[in-house]
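Shared between the two complexes below is chain A, which pairs with chain B and chain C, respectively.
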Partner chain A sequence: MPPHIHPEGTTLRDPSKLFHQTDYIRRLIIASYWVIIILAIPLWWQTTSIERLSLPTSRVHAQAENKLRFPVHIKLESVQDASLPSALRHLLQDRIRRSPQAWKGLDVRVREVRDGQDVDAVEPADSYTIKADDGIPLVSQRQLTYPVRGGTLPILADALASLLVPPIDAHRVAQYSPRYRLAFTLLNEDAAAGKSISGWDISGAISRHLSPILSGLSVLHNFTIESQVQFHAPLAFSPTRLDKGYGLTPEDLTVFVNSAEWSLSSSVSNDPVLHFIVFIPSASRRPLQILDAHGLPSSSDAFLLPQWGGIVIYNPPPELDAHVQLPSSALNAVFSAFANQLLALLGVPGLPREMRTDASVLTGWQLDALLRRRALENAEGAQDTLESIVKLVDQIENMPVGQDVRGDVQDALTALDKMYASASASLNETLRQSADALTLASRAFFNPGMLALLYFPAEHNFAVYTPLFASAMIPLIAAAIREVSVWRKQRREAAQALE
Partner chain B sequence: MLLSIPHLILLLFSWSWGIHAASPSHEEIVGDFFNKNGHAGSTSNHTNNWAVLVCASRYWFNYRHMANALGMYRTVKRLGIPDSNIILMLADDAACNARNKFPGSVYANPGRGLDLYGDNIEVDYRGYEVTVENFIRVLTGRMEPSVPRSKRLLTDARSNVFVYMTGHGGNEFLKFQDNEEISAFDIADAFEQMWQKRRYNEIFFMIDTCQANTMYSKFYSPNILATGSSKMDQNSYSYENDNDIGVAVIDRYTHYVLEYMERINKTSHETMRDLFDSYDRDKIGSDPGVRADLFPRPLDEVRITDFFGGVAQVEVQPPCVAEDVSLPGDFSSEGDVSLSNDSSSEDQQSAQSPVHAGGKAAGAWGQSTDRGSDGWRGTRAWGGILLLAALVGWAGWGK
Partner chain C sequence: MPIHWKPRFLWTLLVPILSIPRSLASETFEEELTIRALPDGKVASRFSFSTLLEGATPRNPQNLSAEDTSQHYTLFPLALGQILREYAVAEMHLTLNAGKWDYERWGYPDETDVGSGAELWAWMGDGAGATVDERWRGLRNALAGLFCASLGSLDELRTTSPAFSFAPHGGVPDAPLPLAIRHASMPSEHVCTENLTSFLKLLPCKSLSGIASLLNPHRLFDADWHGMGLHVAWLPDEGVQVRLTFQSVADPLRASLSKRDWSFASMFDRTIDRTCPSTASSRVIVALPLNEAYSIHPQPSSVEQGHAIFDLEGQNPPLDVSMQWAVDFDHAAVRPRSAEAPLSVRRTLQGSSQDLGRLSVFITNDGTADIQAAYLETMPWIVQFYLHTMTLRVDGVTRDDLIQNISYIPPIPHARAMTFQAVLALPARSTVHLSIDVRKAFLRYTEHPPDAQRGWDLPPAVLVPLGIGSGVERHGRRIYTPTLLVDLATPDFSMPYNVIIFSCTLVAYIFASVFNLLTRRFVVLHAELN
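And then the complex of A and B:
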């Protein structure tokens, strides 16, 4: 019996005679798979590769070698003794040698001017003048009136040092930002206990006490101001009971701000905030005083939290009525304390103790010293940031670098170049360029697109891709190999048949 | 059948490679940092504290992870870190879960004594926002400009950052909400990026998950102190069930850490050494680890409040009786009474003293240098290709 039964009239067909089993068609089908795969490879490559544009690495490294230098010209006017300028020069050189770190970036030149006649013909733009005159030392805009004599010269050199490179407490000064938010808060510990302060003339106080400072510093920072009054702001601890009133120990001060329950500033922007708080103790806890390390009440009523802000404690006098505005005398005291704190937080240097000033807000000496320091900081920060971008991109292989990152890096480098170019001409311009460079470099660093792909170990990749691709690829490869071997066999046979 | 056998072999191979693949890729960088920054003897001079608390799990049966994170949140807040400085990432589906018999509450102890959810919780990343990407973005600061302040880690070079993570993890990874995972390399790279941009002064990293100690083994940036709940191939266990809630309410390690923290207040002088000494292997049920080789200060001089507290220092200012706008003559040191928590003489001592803890720990957790790792990786890749080729050949000519 035959294995298969066919209807009458039909015959078995040879499979190799089927149209899709002809050698040509079959090979075409297999080849078409391969053509598609090969054509798809560039697409796959394109879509899975990370865009890593090259960064101007050599420019960044070259820029990092640059150091900002400010020329400082000091003119000595109406000096009797001709040897004094060179003596002062020597004294200053000596001080620069002793603390090169403090004088970093300054090229100090001392020149002599006689009867209005400049010894040097060239007149630099911003130069400082020292006028020899008896009496108490007086600091004006960019001028110092000082009894210049052989004996006072070392003291003068010290005074110049503290005017040009004032010592600064880096721990206290807030980090540079082109914009700051100042948040003023009047806190009643517990208005329900009676005799609270219900309001204050904040806008008047700001325009009287702070506006001159703020406009003086407008070259450096842009300020936004917000204020609020709160009527219930409990402390997180109980102050120490004293014979008369209550006291805050030094440790209490460190935990004074009850951030869990006081809401001190709005969160409308990402600018750094400096807080200024007037704290009115509850009527049952007055007077509240700050204790010194020995537990004795100190006369001070204000303290400062480094980089955060300042706090003033105000104890209303007992005769004050309930729920009144903050009296104007108190407002003045509070705001002069705030002004002090603001200047301290922004790093504005003070004048040497023994000097008086006739300037209303800031002298040119102070502002220049601050500008120089901030510009140096910014330049350093921008260079560091650029270098770390280059380093990280180099180190983390799957970190993308897009067009905007490269653009920001280039712009930051350009700003740095402009900054160096303007260092000898204009301090304001130098600071502006340095701030631009820092902002751009930071923006490049914080670019949201720079997020590296997650790390996957090689074995994860194998485990994920092998089941996916091997099942498709192995039959294709096997078919291709079989087809090639068949074709070669056919060719060999054809060659033998010819012989 | 023909196809499934090679698969099986391949998978077996890749699995066995995985076992041997504990090859750190950053040894040289680590070495660099040891030479440059290691043991510089700096003291903590931070001015602000930040906390990033991550609960990487979701769903009701991971109630305890939510409780871990909320317990830590309560503690850092109690010790003085303001809400604006706490980034809390929480799936947050426990308190209002339909299965929660006590709606709106999360308890961390079987007696249900303390409601951790309370009335003053600020969850910054909630539900599906808790992703690996968002976590890395928080750390590195790489955010879209539109992201609000409350979701950002606005730290600077004077910030001490406390990073706490909890969830389900394994060897060098932590799972995020059952659909992705973060590896130890990713966190190490993120910390390095923070260091490069001076986004921290010091970091204290704490993690409670299975095989937690592997998560900090890849760190290579300086000034990081790390601790975890269990060593490699070891599970971390839950502490206790509450019969009314019906699930475990907290993990053991976090429970004992929090229990210890309850004794701390804002002005406490206890040190990290005290915290680590309080670890009790028998109670926790696993081996908690500490890695201090990247951390320059001796642990017995590092106060717990350096990371969990608020402000370290204040300056009392001299009385000011100015009536008019006048420039204060002097801000310099004389008038100010510095009331630092760490007295400066103490600082100097620690600056000069040799680093005991760091030195000792370096032996335990230090550079497991595997110089040939790159070569080994290459060999592995070629091996895979050869294996594939062999299989293809076998399939092609086998008939």
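And then the complex of A and C:
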């Protein structure tokens, strides 16, 4: 029996008269769904959005335009001819014009001092003095004694150029770090083959050969020193056989370090390590010599691996007893090689060849040149890094930027500001601020928090949510459309009825 | 110009000068191989490489913030020395073992720490600027890098401080700070070749000469049981000692059923061809059988107290020590329990549900005297004890008087492991049955390991007999129980997207049905009958 057949006597109620079937209530129900959805959208937006604090972009770009300028004041003392200072000034200007890249960041001023009376009343803190005096050129702390005459002026200008902006092989120099670890290793290729070196007076050698250098460089870097001795350190290749002994070709030198077998590196800190290795060839492979490009044994027994460290090959004399300490003569030779390698790795400039010095290790000229170069490098590095962060954050929209990143970027910018402010006052302070800026900028750049959502793109979210949202939204939308069309139809009919 | 900046740098310059006395400290390296036949015909060998840094003391943790002295080492491994100094570790022990040491058949091991998997414990001065827990974390991670082992996962969830059962071996430095212990074990760690490779790198002669040249990974990892250890201790009158050990149990009877003869060549597939020039002493010690006919080759340098000693200095390389027995091995004569170890422990986790279970421990004392023993459980929080359900029975009779001095540090879910320690009185010639109900935790989705279905390995319990020895070794040696495997409720990780899609579809279906009911328009249709 069909359900709409009712027993006699009952009246059929119209469903549209039921409370919940009235148009008003039904529309209210549908509307309330939509209201909740619309109200929930901001909440959903907020809980699923990525924290992206705004970075001081304009400050970063403005800072990138800034260039570090160091004032360099040169005083000419006891000069007979009054025209010499201006002549020197012109010669230096000429050299700056010819190689602007090398002189980048330097404002050179030459002044004349006559009979102790400074022409300029203001005395800059770090100024260099050129004293006219006959004899061999002598470089002191920040003073150069030179026979200043009309004829020697071009040579003086060249000497000044190599003192102020010394040429440096930038590929060799290790990247700046406030602290380096110096790891000294005595490597026996194969101690069991006999005649090995069992130890060395490392502390004595360091205090004799390296401590003066390290103290001279203390304004730039701190150093941690460690050393070890290894008794089995095989090479990863076989050296070339020679008539007498063995040889290392230039190609061999590039693969000399066998990092798989030599346990050189340690993992307790993140400071960059400079390695210094004395390699004692196995008794069956002595003497081991370094060959030049023509395959002939070269006179040197040391070589430098750029930015990594230095290696000295020591062939013990055949008369040496088995298993002894490194002889002191060899130790001195090895450590003076290490000292030179350390200077090269840290980018310490040498003095011009024709000049003598009375300073024990480093003159103020050398140290200042190094400080200026490191500060410039750091400043450029920090600026580049900051620009990269801004660019990266711009490009990748999913990348979160937290408070720590923004804080680091702001601190780096502040350090850069302080660096510019101190550039004319103190080189040490400038370097320190530049190092701070670089450290902070790198820390911001490598902040692990910025990678958080990189690999969790929106597509994944939608793939997971679509089965829920799509299927739930379809009846909602359909009901809304149906209701709207019914409502419009009713209005139209009502309007027609009025007419 | 900031004046205050310079003195800090100047101070660091003094460091190399100050460090001179330390580098003059001499270092000695000794290596030793002990081989003994076990009662069941297997052969236990123990390599021990010890380096002594004479006159050195552990770093005072109060000076951790200050610049450390330069470290100059000749024989002592630099990589390890740096870790010890960086985290101011007074004493530490790391063991990586594979397999179950069978106390009943093999007796006590030469090296005590034989718990399966990785175990690390360290004593460090407490109260300095960097807390013990911070340094413990650093130590874990540094050793994980040094040994290529997953020690980094010995985290807070597995760390406990069982000071009594893991007393320091060496002396306690005269530091003003008290020492604190941290202990963690990881039974599921697999010991592998890369662990041995990094282990060998810490030796002065690597594995190229001396006794270490016998450490052939292909044969060692084929043994019935093997384990390596790193032990650092401060010996008050001598200095800091680093001891690297490797133990293995080889089975000569595997190849031939009746011959238990062994040689270096048969056990390690290598012989000692060269001596390491930097050793102070280099010895092979072979325990000689007591009441059996045998021959040993070559001629030992000396024989002392039933041990043949081969001094590598006096032997002509290549050295291949071999031992032959006159009569075949009699399997029937193997007695199941050696008198050397009167205690034996059996530990099982009962119950089939993923919610509740029961831990059941049987401790048998075969000796003729009553023994007191400290029993230690260090469980991750995933297994929680109901202490009130603990019962002790001997032959079915409840004997609660046998347990004393219970100390219990409850676990904190998702944060801290549990420590349970008690002193048990073990009557002679009887078996004590300890049982306790446990609850198995319900883990968060992200807390499951990658191989979730495998279950969780639980660390071994430790039993320390008390008052057995005399003098310094007042207590007996630690006995490790085998590890347990617990099965926790595990979601189906294989198809998470399918699960998400199915449940979303269901939710959407229910939502749409309710919505339709609420908004549907009902109308009466008058059907014309006929």
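Structural remarks
One rule holds in what follows: the second predicted complex is superposed on the first by the 416 of 499 C-alpha atoms of A that agree within 3 Å, B and C clash if a C-alpha of one lies under 4 Å from a C-alpha of the other, contacts with A are read in each partner's own complex, and residues count from 1 in each chain.
The definition used in the following text is that a contact is a pair of C-beta atoms (placed from the backbone, for glycine too) under 8 Å apart; a residue touches a chain by one contact, two chains touch by 3 or more.
Only a predicted model underlies this, so the values are computations on that prediction, with no experimental measurement involved.
Once the two complexes are laid over each other on the shared chain, residue contacts for A:Ala157 go to neither chain B nor chain C.
Once the two complexes are laid over each other on the shared chain, residue contacts for A:Arg26 go to chain C alone; chain B is not touched. Measured by the number of chain A residues touched, the leading partner among chain B and chain C is B.
Contacts of A:Pro15 after superposition: chain C is touched, whereas chain B is not reached. In the superposition on chain A, A:Pro467 makes contact with both chain B and chain C.
Within the superposed three-chain model, A:Thr254 lies in touch with chain B and out of touch with chain C [touch as defined at top]. When the shared chain is aligned, no partner comes close enough to touch A:Val108: not chain B, not chain C. In the superposition on chain A, contact is made by A:Ala344 with chain B only, not with chain C.
In the superposition on chain A, the residues of chain A touched by chain B in one structure and by chain C in the other are 267-269, 463, 467, 470-471, 474-475.
Listed in rising order, the residues of chain A touching chain B in the complex are 166-167, 169, 171-172, 175, 208-209, 212-213, 236-237, 250-251, 253-257, 259-260, 267-270, 272, 290, 292-293, 298-308, 310, 332-333, 336-337, 339-341, 343-344, 349-351, 353, 357, 359-362, 384-385, 388, 391-392, 395-396, 442, 445-452, 454-459, 462-463, 466-467, 470-471, 474-475, 477-478, 481-482, 485. Remark: chain B residues 3, 6-7, 10-11, 13-15, 17-18, 21, 29, 45, 47-48, 77-78, 80-85, 120, 132-133, 136-137, 140-144, 148-150, 152, 154, 156-158, 180, 182-183, 185-186, 189, 192-193, 196-198, 266-267, 309-323, 325-333, 337, 339, 341, 377, 380-381, 384, 388, 391-393, 395-397, 399 touch chain A in the complex. Interface residues of chain C, counted against chain A in their complex, comprise 1-2, 5-6, 9-10, 12-13, 15-17, 19-20, 23-24, 67-68, 70-75, 77-79, 82-83, 86, 142, 145-146, 201-202, 204-206, 208-210, 274-278, 497, 500-501, 504-505, 507-509, 511-512, 515-516, 518-519, 521-527, 529. Put simply, chain A touches chain C in their complex at residues 2, 4-5, 12, 14-16, 18, 20-21, 26, 29-30, 33, 125, 190-192, 194, 196, 198-199, 202-204, 206-207, 210-211, 214-215, 218-219, 222-232, 234, 261, 263, 266-269, 322-323, 425-426, 428-429, 432, 463-465, 467-468, 470-472, 474-476, 479.
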